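You will see chain A twice below: alongside chain B first, and alongside chain C after that.
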Partner chain A sequence: MMHDLLGSLSSTEFIRAAITTVWLTTAAQVAGTIGGALLTPLRMARHRALRGFASFYLLIFRGTPELLQLIAWYAVLPLAGVNLNLVEIAIVGLGANEAARMVEITRGALLGVDPGQDDASRAVGLSRIQALRYVILPQAMPAIIAALGNEVNIMFKTTSLVSVIGMTELLRQSQLVAETARSPLGTYLAALLYYLALTTLWGAGQGLLSGHRGQGQRRPSLARSWWHALSGGL
Partner chain B sequence: MLWSWHVFFAQLTTLGFARAAWATLWSASVVEAGAVAGGFLLAMAGRSSIASLRRLVGVYVWVWRGTPLLVQLLIAYFGLPEVGIRLGVIGSGVLTLTLNESAYLAVLAAAALDAIPTGQSDASMSLGLTGWQRFRYVIFPQAFRLFLPVFGNQYNAMLKTTSLLSIISFSELVEYAQVQMNVTYRPTEVFAVAAIYYLALTLMWSGVQRFLEHRFATVRHANREIVRDVPVPAGT
Partner chain C sequence: MLSVAGCKGMAMGSSEPVVSLVGASKSYHGKEVLKDVSADFKKGSVSVLLGPSGSGKTTILRAICLLTPLDGGYIRMNGTLHGYEETSSGYRALPERKLTKHRRGVGMVFQQFNLFPHLTALDNVTLAPVKVAGQNRDEAESLAKNLLARVGLADKAEAHPAQLSGGQQQRVAIARALALRPAVLLFDEPTSALDPEMVSEVLDVMVELAADGMSMIVVSHEMGFARKVAHDVMFMDEGMIVDRGTPEYMFGSAAHPRVQNFMRRIL
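== the complex of A and B ==
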């Protein structure tokens, strides 16, 4: 077991697969964030049909498992005459789901801003768009960015789902190695450690960013807030 | 041809899909029931006076929440037999999901327990309640109310998370849909039916959730107690 564990940990295939996981996470999160930014105005639109479309999108993508969505994209797109390669399907599938999650985050953050802020901006003569751009959005941004950090953390783990449609990222790589390895346990433990390293390092990055927030109060040490985030305060 | 209503309705009305939906429902329910117990136990251990126990809980939460469920499932099903632990499909699937979900629920349970003012504990201590009595009759009932809405969301998510059990060939909705897809070569209809079952399950749960939250709501409860306690004057 130790032999396979250490062998996998240091193999170039695993390192390459980990890099794939990192850039797939980035690509899917960027796609999802853009999708969410486009869908949020629809979800909050005055026009009923636009709102209805966004609500239907959310119902489908939040109401069904992401795994089902990925397999469906993979199986149905070619039937509809759309031929994408595995990487493109993975980004579309993960991104479409993430867009729905981002709509809820962005909408929640925008609704969290005091409505008096909008009233006041309109009263001083700003248009609806200007009020959003210069008054509401800047105040909603901290909440959105904090949530975005968690989304990336979740996305590191969610990308493992694309192994099911055959894209070679960290999990699929470990499955391929485990097929012939003497110890599948060691191989999968290596994958586990890689994922744990990725989410833990990302957690440190988040801690660094959030450490600069909150003036006045005594700030906890960086290591402490890092561990607090990783262990969920337990 | 991309869509056929005939195939769609044929799939929608087969017993196989209903059975798969049942598997999704019971596995999610068993997992959540176990994870509520596990989550509160972990939360209590994480707030205990023993430092090493607290640290252990922290590490547990870190590892289970920091790695993908899919990897955890593969380790439990394909890896553990190597060291002589054979749990089978249902055993390893349900156990892994429960241990994973316990870590998430522990964080939520701890937040609910933390939200109860320390005065509650102090007051019950001054009334002479033991540690267990304080938890059972004073702290837990209040924390559980705060916990219930977030638990509802977790259960809703778990209905969908059980789809990952398809990777170890547990026959729930996604696994069954994949089998049907390979039999019929009609992915669009098959996935639409699976999606409808998932939406029906989550819709059903939101009904149950609303009922539960109403049932345990403090205000309604208090009102009823007061009404019941008012002595009714004779002759009215």
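== the complex of A and C ==
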């Protein structure tokens, strides 16, 4: 078993599969975050049809297993005449599901801002868009960024689902090796250690990003400073 | 200067109204909070609205600063329609996107201050002048520094709200409300969320504004302020203005029995 574990850990196939997992996580999270940013305004729109569309989207993607969604993308897209390669299907499938999760996160963070802030913004004459940009979003951003960090952690692990459509990421790679290995346990253990290393590294990075705990609002976190710089100092 | 000479109400300021409410009515979930209220608020004078909670005072302020559209009636500011338009079937509230221009004529000070916590005191004051009025930043900052000095907080320009006391936050909020040079300043129980020792620093600023001739409509239970500074006191109950007059009249024995009853309970 030790032989299979060590052999797998250091094999170029496993390293390549780990890199696949990292960039697939990144691509799916970016796609999901963009999708969430586009869907959130629809979900919160006053126009009933727009809100209805977003609600229907959430109903489907929050209400069915993600594994089944991936299989469905894989099976249905070609029928609809859309020919995507495995990587593209993986990104679309994971991203579409993540977009639904990001809508709930973003919406929750926006609704979590004190309604008095909206009153004050409008009372000084800001338009709805200006109030969102200069007052509401900056206050919702720390919560969104904190949640985004957790989403990335979850995404690292969720990418293992695309092994069922045959994309060679960490889990699929360990399955391939396990078929011929003396001890399948050793190869699966190697994949497990890779996942653990990725999520642990990410967790450490997240800790740095969110600044020191327990400092409250006094010391702006990196995330806050980053947003501050991005939003033009306001 | 704490006492405003005369205080006969009609003597101070011109007789022109800065704000007129005409037939204002509003319901929430089937409950009428404003019942056909008409009232003029005179230019350069301080009007204090009194009354039990739920009597419609805050709704009047929110209607004037266009945060709450009236179900019926309309508002005029300096003689022109404010947030409403006249149609063939009567008056109706303008849609949200057309309100921003009108809101600039009104400054609002909230009970809970509602400062923007992610911005410094200075940026709280300059946000609207820069983003709404399109002033350049230098111009807006020098105006904002003057306003902060006027409320006694020149040295707190770079502080964030969390670093300020309640009284200081409310004074920043007053500076913010003044930044667009509004025609009228509204105060919604500006001192009721403050620790007792901080009430006077906020009231002092309000007294100075009144002495400078600012048109103010104040919802407050600070009877000392109402007595000394108000030109006009209105008593509201169940969505109507029950009685109105100078402080001398309203705090005296000639006022409506409901007013006298309220005063007895609160003093």
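In this text, the second predicted complex is superposed on the first by the 212 of 234 C-alpha atoms of A that agree within 3 Å, B and C clash if a C-alpha of one lies under 4 Å from a C-alpha of the other, contacts with A are read in each partner's own complex, and residues count from 1 in each chain.
Note that a contact is a pair of C-beta atoms (placed from the backbone, for glycine too) under 8 Å apart; a residue touches a chain by one contact, two chains touch by 3 or more.
Computed from a predicted structure; not experimentally measured.
*Asks:* Examine A:Q175 and indicate which partner it touches, taking first as chain B and second as chain C; both and neither are also allowed.
*Replies:* Only chain B; A:Q175 stays clear of chain C.
*Asks:* One more residue to check, A:A75. First (chain B), second (chain C), both or neither?
*Replies:* Only chain B is touched by A:A75; chain C is not.
*Asks:* Using the superposition on chain A described above, determine whether A:L67 touches chain B (first), chain C (second), both, or neither.
*Replies:* first
*Asks:* First (chain B), second (chain C), both or neither: which does A:E13 touch?
*Replies:* Neither chain B nor chain C is touched by A:E13.
*Asks:* Touch test for A:Q117: chain B only (first), chain C only (second), both, or neither?
*Replies:* After superposing on A, A:Q117 lies in contact with chain C but is clear of chain B.
*Asks:* Quick check on the superposed pair: does A:Q139 touch chain B, chain C, both, or neither? Answer first, second, both or neither.
*Replies:* In the superposed model, A:Q139 contacts chain C only, not chain B.
*Asks:* For A:R128, is the partner it touches chain B (first), chain C (second), both, or none of the two (neither)?
*Replies:* second
*Asks:* Considering only the touch criterion stated at the top, classify A:S183 as touching first (chain B), second (chain C), both, or neither.
*Replies:* In the superposition, A:S183 touches chain B alone.
*Asks:* With both structures placed on chain A, which of the two partners, chain B or chain C, ends up touching more residues of chain A?
*Replies:* B
*Asks:* Jot down the residues of chain A that show up as touching in both complexes, chain B in one and chain C in the other.
*Replies:* 234
*Asks:* Taking the touch rule as given, give the residues of chain A at its contact with chain B in the complex, in rising order.
*Replies:* Within the complex, chain A touches chain B at residues 1, 59-60, 63-68, 71-72, 75-76, 79-80, 156-158, 160-161, 163-164, 171, 174-175, 178, 183-185, 188-189, 191-192, 195-196, 199-200, 203, 227, 230-234.
*Asks:* Taking the touch rule as given, give the residues of chain B at its contact with chain A in the complex, in rising order.
*Replies:* It is residues 2, 42-43, 46, 54, 57-59, 61-63, 65-72, 74-75, 78-80, 82-83, 103, 106-107, 110-111, 160-161, 163-164, 166-167, 173-174, 177-178, 181, 187-188, 191, 194-195, 198-199, 202 of chain B that touch chain A.
*Asks:* What residues of chain C sit close enough to touch chain A in their complex?
*Replies:* Per the stated touch rule, the residues are 65-67, 96-97, 99-101, 103-104, 106-108, 110, 112, 114-119, 123, 127-128, 131-133, 160, 162-163, 176-177, 179-180.
*Asks:* Which positions of chain A touch chain C when the two form their complex?
*Replies:* 114, 116-117, 119-128, 130, 134-135, 138-139, 216-218, 224, 228, 234
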